[in-house]
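Everything on this sheet refers to the single structure shown next.
All chains are identified by letter, namely A, B, C and D, in their written order; residue positions are counted from 1 within each chain.
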Amino acid sequence: MSANTAIRAGILGATGAVGQKFIELLEGHPWFTVSAIAASERSAGKRYSEAANWIGSGAIPKTVAAMTVERCTPDLDCDFVFSGLDSSVAGEVEGAFADAGYPVISNARNHRMAASVPLLIPEVNPEHTALIEKQARAGEGYIVTNPNCSTVGLVCALKPLHDAFGVDKVIVSTMQALSGAGYPGVASLDIEGNVIPYIGGEEDKLVTEPRKLLGRLDGSEIEPAEIVVSAHCNRVSVRDGHMECVSVGLAQKATLAQVAASFRSYCSPVTGMGLPTCPPSLVELLDGDADPQPRRFVERNGGMTVWVGRLRECEVLDFKFVALVHNTVRGAAGGAILNAELLVKQGYLNARKAHIA
Amino acid sequence: MSANTAIRAGILGATGAVGQKFIELLEGHPWFTVSAIAASERSAGKRYSEAANWIGSGAIPKTVAAMTVERCTPDLDCDFVFSGLDSSVAGEVEGAFADAGYPVISNARNHRMAASVPLLIPEVNPEHTALIEKQARAGEGYIVTNPNCSTVGLVCALKPLHDAFGVDKVIVSTMQALSGAGYPGVASLDIEGNVIPYIGGEEDKLVTEPRKLLGRLDGSEIEPAEIVVSAHCNRVSVRDGHMECVSVGLAQKATLAQVAASFRSYCSPVTGMGLPTCPPSLVELLDGDADPQPRRFVERNGGMTVWVGRLRECEVLDFKFVALVHNTVRGAAGGAILNAELLVKQGYLNARKAHIA
Amino acid sequence: MSANTAIRAGILGATGAVGQKFIELLEGHPWFTVSAIAASERSAGKRYSEAANWIGSGAIPKTVAAMTVERCTPDLDCDFVFSGLDSSVAGEVEGAFADAGYPVISNARNHRMAASVPLLIPEVNPEHTALIEKQARAGEGYIVTNPNCSTVGLVCALKPLHDAFGVDKVIVSTMQALSGAGYPGVASLDIEGNVIPYIGGEEDKLVTEPRKLLGRLDGSEIEPAEIVVSAHCNRVSVRDGHMECVSVGLAQKATLAQVAASFRSYCSPVTGMGLPTCPPSLVELLDGDADPQPRRFVERNGGMTVWVGRLRECEVLDFKFVALVHNTVRGAAGGAILNAELLVKQGYLNARKAHIA
Amino acid sequence: MSANTAIRAGILGATGAVGQKFIELLEGHPWFTVSAIAASERSAGKRYSEAANWIGSGAIPKTVAAMTVERCTPDLDCDFVFSGLDSSVAGEVEGAFADAGYPVISNARNHRMAASVPLLIPEVNPEHTALIEKQARAGEGYIVTNPNCSTVGLVCALKPLHDAFGVDKVIVSTMQALSGAGYPGVASLDIEGNVIPYIGGEEDKLVTEPRKLLGRLDGSEIEPAEIVVSAHCNRVSVRDGHMECVSVGLAQKATLAQVAASFRSYCSPVTGMGLPTCPPSLVELLDGDADPQPRRFVERNGGMTVWVGRLRECEVLDFKFVALVHNTVRGAAGGAILNAELLVKQGYLNARKAHIA
């Protein structure tokens, strides 16, 4: 794809934490270029560098810093939009964009469980994009979503096991990073030297989303996977990287060696497709006694690999391990960008779909 | 018990983290007075205030600050000893003291699983002290131990359920405090903004110790409880207070209301005995959405109550909740002091057992 | 003062961080009892336990938990009010209460520098309460304020030096705690593993307030002390306790021994008056190489002593040291309560001043 | 310089925190290649990946991971050595290497103040390398040192002012990162939620090293700059990045605008020499109200720029500001690598100096 056919992306919710991450990760992207940024009334009309309280550790990409923030109305000059909108407004706004003919690649939870909306991780269920045909929007508009950040870590870690042995039961206890709560998010007085054993709505997502993600496309329906998940969700004082302690029960008997091999040999259906954001491995099994840890692994492979460690037998279910996912990259903006890349390869997204002639 | 019949305690490992906590908690104790402090060769002969790198947030109790540190040899001027020794030396030293006629109230792991040594939580299994008779030491010496800090939190939380419904299966994921690793313990570069998903030896203790603690005394033997535990142990950047996310399977059917009632109505066998360190309730069930948290609860009730919250049904086993235990108080020094208090009431420990005439 | 003559306090801004600290510290106070609590429209009419997001580590005092929050209008059933109001509303509301005949003991900055309002630290400038006479409010109303939290630490540490040698010049660099920003205050993503070298308005207060506090009462005017202060204010990830690195220039020559002696021998004008919240010493000079530290000292002496350490010669000015002040106790609610106690002893505050007959 | 003339570097103290940083930063270096690694007896003979407790957030560079650790004796197969040795052994070992004909580029403090040893920051005092001629070692051996990490931050920030107006007096208060203490370094129990107002030996280095660094080369002697520095050094819970609050007195009068201009226009004597590790600017003056902060700036420009912010007039001296330096990059390993690059350009270091034929 040459520079003169770059696909122009708009960013909805561009000043928020997820929107900022989209802008950071799209800097220098080989296929996509940011052509429009939109946010709430409060920010509209300002230069991006003034409107955004930039929380990244690097500088704002220069081209975006100088852009003017627009309103989130479906007249943006772009071929498609990434949505980092808050769930309080995402439902309506994303629907309006899709109805107006824009492909909407969303990180919000609002449309995830809708029967016609793909809940997508390219290495896990790329065929689910077929649901797009059911949306029957005006023009070429549609909505595709990525899962909740903690779901992404769990499902990527379960996928090799599920393919090989069938996953029946899961008990997962998470230790989730501050950035998962957005900005300003968690008050420092609440979390400094503390653990908060509750994250609103999070446990439900871990129960429902894996069933859809690991479900089977049957004609134009997803038949949910029969996986029962029980979740304990906790907030800890870590900047980026959700840790998940997982115990699994399998449908078929397996040895520890077989389970380890399933992680090591997993080859995703999108391997070799040349998606720019796709990491060398979806999941990597580590040997270190005390790995993975957020500090040591979260930034490796561009934050797109899910790291698994301490694989061992579980005294109650069958096996147990710990998984680490970069919640704002693989679990949010990076995952959404990878979704868009898959959609390009599948022909659902291209520069010719430009909304504004 | 009047001041002139105070029982004189020696502290083994007095300069270490647990030894310091013994000294802090015994300040002003109505029954016990610190009459001797002992530590390694390196500290012996020094004033305590010089030998100890005091890590507490208050000052060293004045009477102890001026005492001279002795060697850990069984000729200390005291009626019994508390042991906060490191496990690398506790096995041998504690044995030597017990053989020389000293009651040894130990926090170390070395003798916990020995058939003749009580592994004791007064509110849970006070009758296990009968094992003392099996030790057949010279004079009146014996060893009594308290469990590992994370075991204490788990077992105190399970006890009401086990009595009411029988606990079969447990999956527990811990988030453990820095003070559990002693001093200097965890390097700040390892844990600042991080989680370490491994604590050496910890998971095994959570598997084995609850079976003994909740076991039934049958003549002079403990018949272990048939509880299968699977543990995931993690270190987090919290000063004091281990959090434990617990899913349990019960032997008998129970409703959520019945389980909640079992926590609320639990009355321990030592209630009303007047043990000074015994808290008003072994376990307290909280209603708050996001409780317990270390910052909000760990210091309440003198650090001796185990706090339980977020009780709800588990999709995979039967019920789930989160528990919080003060790891250096209820889970270490405070628990050992309470053990000694029980032994006084039971007649195993008194001022007349003074070793040195 | 017997229980039946308890002076009844109202708390303005009772649901905020400072208001909560007032309630926590007044629990069991020998002279004062909380008889009314008031906050914003949003909280008015609710039970306190529902209205307040209680951030303390203990439980809400039971008597207050059950009280109904009222509006901040000058018809509260109390003899005087403590104000923990935010500065956005404190100016007007405090004025209304004072004009209606209530003594107002305020922690807000609004009236601090007014010529007729005492800016008060009892051990430093108790005679400044004479300014009350200038206020000429209707009835017996007046406003007395305590300084900004970082000012309190600095001025308490400077007072012995100023009395003995005269302080000319000060360069102070602070490392301030999270609780100084109130709640929710600093976002965890902003401060986790970070330092923020700026606190809005803080440096100005350190320049102006010490001049008034250490000023001389001349008739009915305060002649400001001729002290030039330069401040660098930083936020660090500490819960409670502002640290201040101070270099001072003195008007008279002094030796290091003389300076140390001035700290050790300082006897405040209110010593022996029996003020319940007055600590044994305003300032305590420490010998430890690396003291004071928030973790080790901030809670000692009930948080009311300012700890000074590392006293040594300064290569540029004359001497340097580090000081620690508990910002929400001595630097806010505790300081205000001590102010009220002084006013009782001086006859400015008593139960007979009850506003409502 | 082509690949086949790569200069082969040995790393002394390769398993320590600074040694690890050398290895991390030399990965892919255009001029230098790591050909030998050496550490203590305990590590000698092991593969590097086994000997080192790697604390970096990325993986160990593969070529080094497989190398065998050697002893620190002057028979290593390399053209020169970087020394990350602890000061307890650096003095002797570095001397032995230099005497055996190796150029030694050291981060240790032992030889810094020796009259014949350059204390070097290339952008500040590149001409000081002339001191090498005084060392008169056998063969082509010599020692060159870089300053203490906190000194680097201070001196880089002062250099533009010193050139323009002369710096007379400095009061600096630091907030230093955990990584400055090496590994394991600071215990988490000592620093979690805390500040430690003391770092052994640190304040002295800030007094003495700037005088040499900013001194004038007079023949073969350094005439120290007449700068009086007073330092307060503190440890805070930040991973990387020392913050320094600086008040300066100048020899010549200057306006705030002139001082700002001196920062913005500073052009170092090595600009344009093409040193690979040299950042675009030695010092960068920031406009943000609350910048620099470690989290936002420490990794920019590869960690080699010193960031200055909040420039304003000082009420006591002349001007004040806050500076941030990456203590393990610019303040240690990165600074030493830049020193080696300068020595290559100046002809003091080259592949032909290979010690072993």
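By our rule, contacts are C-beta pairs under 8 Å (C-beta built on N, C-alpha and C of every residue); 3 or more make two chains touch, one makes a residue touch a chain.
What you are looking at is a predicted structure, and each value in this text was computed from that prediction instead of being measured.
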Length of the shortest touching-chain route, subunit A through to subunit C: 1
Where the centre means the average of the CA atoms, what chain is farthest from subunit B? D
Have a look at B-D versus C-D and report the one with more C-beta pairs in contact. C-D
Find the geometric centre of each of subunit C and subunit D from their Cα atoms only, then give the gap between the two centres in Å, rounded to an integer. 43
Chain centres from averaged Cα atoms put subunit B and subunit C apart, in whole Å, by 41
Where the CA atoms of subunit B average out and where those of subunit D average out, how many Å apart are those spots? 48
The positions of subunit B in contact with two or more other chains are 190, 192-193, 237, 239, 295
Can you tell me which positions in subunit D touch subunit C when the two form their complex? 169-171, 173, 175, 190, 193-198, 207, 228-230, 232, 234, 236-239, 243, 245, 247, 249, 289-295, 309-310, 314-317, 320, 322
Per the touch rule, the subunit D residues reaching subunit A in their complex are 57-59, 192-193, 295-300
What does subunit A use to touch subunit C in their complex? 55, 178-179, 183-193, 237, 239
